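For reference, the structure I am asking about is given below.
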Amino acid sequence: MSPITMAKALNDGLRKTLEEDPKVIVMGEDVGKLGGVFRVTDGLQKDFGESRVFDTPLAESGIIGTAVGLAIRGYRPVCEIQFDGFVYPGFDQIVSQVAKMHNRSNGNLKMPITIRIPFGGGIGAVEHHSESPEAYFAHTAGLKVVSCSNPSDAYWMIQQAVRADDPVIFFEPKRRYWTKGELDPTPYPLHKARIVRPGRDVTIVAYGPMVVTALESAAAAADEGHDLEVIDLRSISPLDTATVVESVQRTGRLVVVHEAAVSHGVGAEIAARVQEKAFYSLEAPVLRVCGFDTPYPPSRLEEDWLPSVDRILDAVDRTLEY
Amino acid sequence: MSVAPAVPGSEAREARDALHAVHPEPDMVQLLTPEGARVAHPDYPLDISDDEIRSLYRDLVLVRRIDSEAIALQRQGELGLWASLLGQEGAQVGAGRALRPHDMAFPTYREHGVAWCRNVDPLTLLGLYRGTNLGGWNPADNNFNLYTIVIGAQTLHAAGYAMGVVRDGAVGTGDPNRDTAVLAFFGDGASSQGDVNESFVWAGADNLPIVYFCQNNQWAISAPVATQTRQPLYRRASGFGFPGVRIDGNDVLASLAVTRKALADARSGQGPSLIEAFTYRMNPHTTSDDSTRYRLGAELETWKLKDPIARVRAYLTRHAQVGPEFFESIDRESEALAEHIRSGCRALPDPAPLSVFDHVHTELTDELREQRDGFATYLASFEELGA
Amino acid sequence: MSVAPAVPGSEAREARDALHAVHPEPDMVQLLTPEGARVAHPDYPLDISDDEIRSLYRDLVLVRRIDSEAIALQRQGELGLWASLLGQEGAQVGAGRALRPHDMAFPTYREHGVAWCRNVDPLTLLGLYRGTNLGGWNPADNNFNLYTIVIGAQTLHAAGYAMGVVRDGAVGTGDPNRDTAVLAFFGDGASSQGDVNESFVWAGADNLPIVYFCQNNQWAISAPVATQTRQPLYRRASGFGFPGVRIDGNDVLASLAVTRKALADARSGQGPSLIEAFTYRMNPHTTSDDSTRYRLGAELETWKLKDPIARVRAYLTRHAQVGPEFFESIDRESEALAEHIRSGCRALPDPAPLSVFDHVHTELTDELREQRDGFATYLASFEELGA
Amino acid sequence: MSPITMAKALNDGLRKTLEEDPKVIVMGEDVGKLGGVFRVTDGLQKDFGESRVFDTPLAESGIIGTAVGLAIRGYRPVCEIQFDGFVYPGFDQIVSQVAKMHNRSNGNLKMPITIRIPFGGGIGAVEHHSESPEAYFAHTAGLKVVSCSNPSDAYWMIQQAVRADDPVIFFEPKRRYWTKGELDPTPYPLHKARIVRPGRDVTIVAYGPMVVTALESAAAAADEGHDLEVIDLRSISPLDTATVVESVQRTGRLVVVHEAAVSHGVGAEIAARVQEKAFYSLEAPVLRVCGFDTPYPPSRLEEDWLPSVDRILDAVDRTLEY
């Protein structure tokens, strides 16, 4: 099988779920004729009809809120939020309804809702189009939060997310939409982290867009004689602590990488868990290479602002100095 | 010269007075006067027997009894809170009885009367207010959704449910056992929320089989309705391209007739509509509110004259020759219901501490299992101490 | 038999066709026909000299030139993105010229024509689209707020600003240099957002001095206006208790006259109103959009016949005896402006990496200083390497 | 001066700002005649008029969004969100407008907006009335986030917040509204943590409602011979890391306490910073005593669910076992 882009992999994955389950519906802004601004839903309306793949009015709270009602009626909605920065009008429906309805109903109601969010920067976009809001959702009980880093995971994870009976916030690294890759023949568990590069000296944990960057860093570090292990977190909530801790117990050093602002980001939670569960294994403090605690900068500055191979290597050097 | 409001809100205050007019407005549908006289309305003919009206009377009395018992239980510390529907029984019973079994209702936290009409055991409603659960019932059991506390949120759920109804082909087939409508409740204050207006957008644009039932009880906690709008709320619908109508919310017959027609239209594919039930919240907002801080007793007095139950009783006695034995039988039923609620409430079990982990997700994640086990060990350590 | 939409949206599609009617609807205010003939309207008398119309023509031509130059700069990679206003010049220039200096305008991201009328140097607008800043201008300089990208958010800012105007006593004093109005722009798609409708709630309930100017350009990216509404958008206002009017959005005179009156009413304390400018987005949504995927060229052709500039030129030549030398002078001015934009854009400086820490708060916190210093050291390490 | 409740202290503080600056306005649901459901704004409308202290329509996005416009016009709005669980409809206006407007305008616009949020549980309330959403805001660049734990701080901090030219999310521990205390004669810096009980063995960091609980734990621990140092964080963002690190360098042990769900909560950020900056001082991993990763439970369970003296002592014992 020839390699395909992540956008195409997501499209194929969504197609599979639409084929196998008539209750699956795809809704959002411009997901119909246009096929989404990133073409992830390209052709789905044509093939599955306007009643299963449709454009909504322009209101995110309405998109999520009606998805909740559709779920109560027995549907399995897949909502697209056009860009990361536009999920906030739907935040109330997500944290107070989607996340809590199953609990509120003592398990009587299920919320099999998938909320797809293209996230992260690096595409030279204007404000609100490059954000990384995953920590908000990871901190919200009742939600599951995942992010794919390659076409194969995109293909399998989107299907697993749609089939899941729990709500899943599905973060798609928009700057990797056009990255090509082969599809694995079989899926990997949705909420398990994966060691994508074994190594001895330092563990690097990343997810979504930063996995490629982490792997590039590992390659560069190899030239300098440092053997980095790279873990693709894949699931942000629940978080596969065991895999990370096991790795750190071998390497003794951990660097966490994400685009989101460093403070109160996912890296903080990983550091907190690792320093607790691998206390005696850590030879250096867990370091974080993340976005700064500033709004996402104008695009002319994003390459400086975003975690990069050089910034990761810089952190690797610092952790090795301990 | 200046026509601007000296103080912002003075404008609003005038409007408020208008809206508080207790005399039925010309545009308000009323089928039973406060004095108990039936009046006909060209658009809303109501073909109803005196037996049916007796049965509505029974609903009204029992619903009010549920409310007063719950208030008493709250006073005794058996409930943490209660949101009283006193004064709104007519609106709720009329709307509730207009529903067909397969229609779906989306309540706020005050629709105890609608719950009753959906055959929801009053005890089911108490868990949330007692703090033994967060609602916990299955909406599918009685086609009555969970109470929603976040103002307005349920109106979008109702619109989404209606989208599902359309996709299921359960609109406009002409088959009375198939065609389905959705009834979404909200208050005058909720009319300001983005969610409620977005729900109107969806309903209008998609011609959804949904009826919005707004109980304008004149107050959103301490905010009079004029804080939310300068014109009657039923007119909001015109901004979204569907019909709106104001009814005497203390007239169970008007509520029944108008909601029936609106639901029938929705089921037959004629789309959404908005009903504003003009009524009054006779009690404070909840048992923790003190309404003497913001409204006058006089207002209460005028509304007492419009009581939704008294007018039905007046009709039954004066025009339907209903005798004391009927009212006595209802009173006996009311006593039995009260006893059911009192004993049932006290019997509601406290949940087990570890149950907080049960329904976070459809299955327990490793993370939560770890937290639960740790908590279990911690709790056990005390039992050991105890032993 | 069934009157329900077979496919949800078929209903919507019919409505769409209606809304796409390119012939002016009876209820649409038009003062200058596409052929360049002036027509009178009883409610909107426009006392305007031919010199003033020449000056409007100049605005229209220069604004269109700003737009086409920006598109060219985007193609050359000088801008990351551009949102074209092609086709909407009439609506924007009319509205922009109706403003008084001390009125406040709240634009979306497409109001380049309004910016021009507020004397904002076009270069000021480019930073955001070039990626050298996020807007960065001071709204107070020209009483023109920053571009807002989050759909609808600015309409609440406009309402809040209007609340401030009221509190400043700058409404209904009769003093033309004092009385102030707010002009809030949004699109047809934005009309669905909760924020926009909440803004209507505030404006209605508080009788705010605000005019809502909705450019219905028929599309929200790929979604036709019928995705948002089943009825003309100007009627949304009736749901909130204030007047709404539809104008020919390609008619600069209608836009000027109607916005002038609405602003005057707002200033004098008569409260809010909504103007729906019925126009068309001639270009794709932005330079990154491909509109061939979702709309027909035919639609474009019919709208070409309604071009907002051609009709003014036709009027000037046929009815105002304006000669070629005038048009030539405008063309020369247009060339100069284009050159100003081209050279100015390329000269826009890239910000310094460390500047990202500058305006997070009004002063640098210790936390951010630590991050900035660490980043500075990191950056310096390369310069060392470089050296 | 006789002790006053926290609610009264906040009321007095707000009154001071209303007196000194005509641009200060107080807005929200039921803040007028009713004086707020917790009476924090009691009497302010009567004394300062309906144009400066007023009830808004019932819509949180509208409350925050109009506050932004008022700020642009030169006002200094103090918004009350009635309960923690009802801030989410205003989340978009807070994170995309309030937090970013100063930055977007290159510093030309100021957003001197204070958003008061009664937060936390323990009052036997129904759903949505007992939440602790502080981490969402602490993770948002451009916002400052503080919480008072006693009447004196309440009195001074609310004034400092209102006078600040930056937006401040002001979390009020609703279950402590009726706690009485003396007012200090002078204010303490808004964004500085305070050691409220010096100790040698273990550092306890808490804020808002948990400070009292931490102090009770310290008293109880004293009987068991453990000398706990209690730090009242006061400012969640920016976070006074120095004070916490200095303490841990002395005690070698840290327990962080908050009601919010543990994962991706404020405790994670504190753990991440301390393990980095006090790596060699830590004799035990940083432990967290927080809410579980579940929705806030029905009130009959809240005493079990919430961090308590016993749960804190349990953590203290565990950290001392290292």
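Order of writing sets the labels: A, B, C and D. Residues in every chain begin at 1.
The rule is simple: a residue touches a chain if its C-beta (ideal position, glycine included) is under 8 Å from a C-beta of that chain, and two chains touch if they have at least 3 such contacts.
Note that this is a predicted model, so its numbers are computed, not measured.
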Legend entry - Contacts common to chain A and chain B (chain labels): C, D
Inset, instruction - Determine the centre-to-centre distance between chain A and chain C, using the mean Cα coordinates as centres, and give it in whole Å. - result: 35
Legend entry - Where chain A and chain D are represented by their mean Cα positions, the distance between them in whole Å: 30
Legend entry - Distance between chain centroids, defined by C-alpha means - chain C, chain D (Å): 40
Inset, instruction - Would you mind listing the residues of chain C that make contact with two or more other chains? - result: 8-9, 133-135, 150, 163, 166-167, 192-195, 198, 201, 205, 227-228, 360, 367-368
Legend entry - Overlap residues in chain A, where contacts from two or more other chains coincide: 51, 56-57, 59, 61-62, 85, 88-89, 92, 96, 100, 103-104, 127-128, 141-142, 239, 263, 292-295
Inset, instruction - Examine which chains touch each other and state the graph shape they make (line, ring, star, complete, other). - result: complete
Inset, instruction - Name, in rising order, each residue of chain D that touches chain B in their complex. - result: 29-30, 32-35, 37, 49-51, 54-59, 61-62, 85-86, 88-89, 124-128, 262-263, 292-295, 297-302, 304-305, 310-311, 314
Legend entry - Parts of chain C lying in touch with chain A, wherever the complex brings them together: 7-9, 80-81, 109, 127-135, 149-151, 189-190, 192-195, 220-223, 227-228, 288-289, 293-294, 350-351, 353, 355-357, 360, 367-368, 371, 375, 378-379, 381-382
Legend entry - Footprint of chain D on chain C - complex, ascending: 104, 133-140, 145-146, 150, 153, 155-168, 194-195, 198-199, 201-202, 205, 358-362, 365-368
Inset, instruction - Write out the stretch or stretches of chain C touching chain B in their complex. - result: 1-5, 8-9, 11-12, 163, 166-167, 171-174, 191-195, 197-198, 200-201, 204-207, 209, 226-231, 235-241, 268-270
Inset, instruction - Sort out for me which residues of chain D touch chain C in the complex. - result: 25, 51-52, 56-57, 59, 61-62, 64-75, 89, 92-93, 96-97, 100-110, 141-142, 144, 165-166, 191, 238-239, 241-242
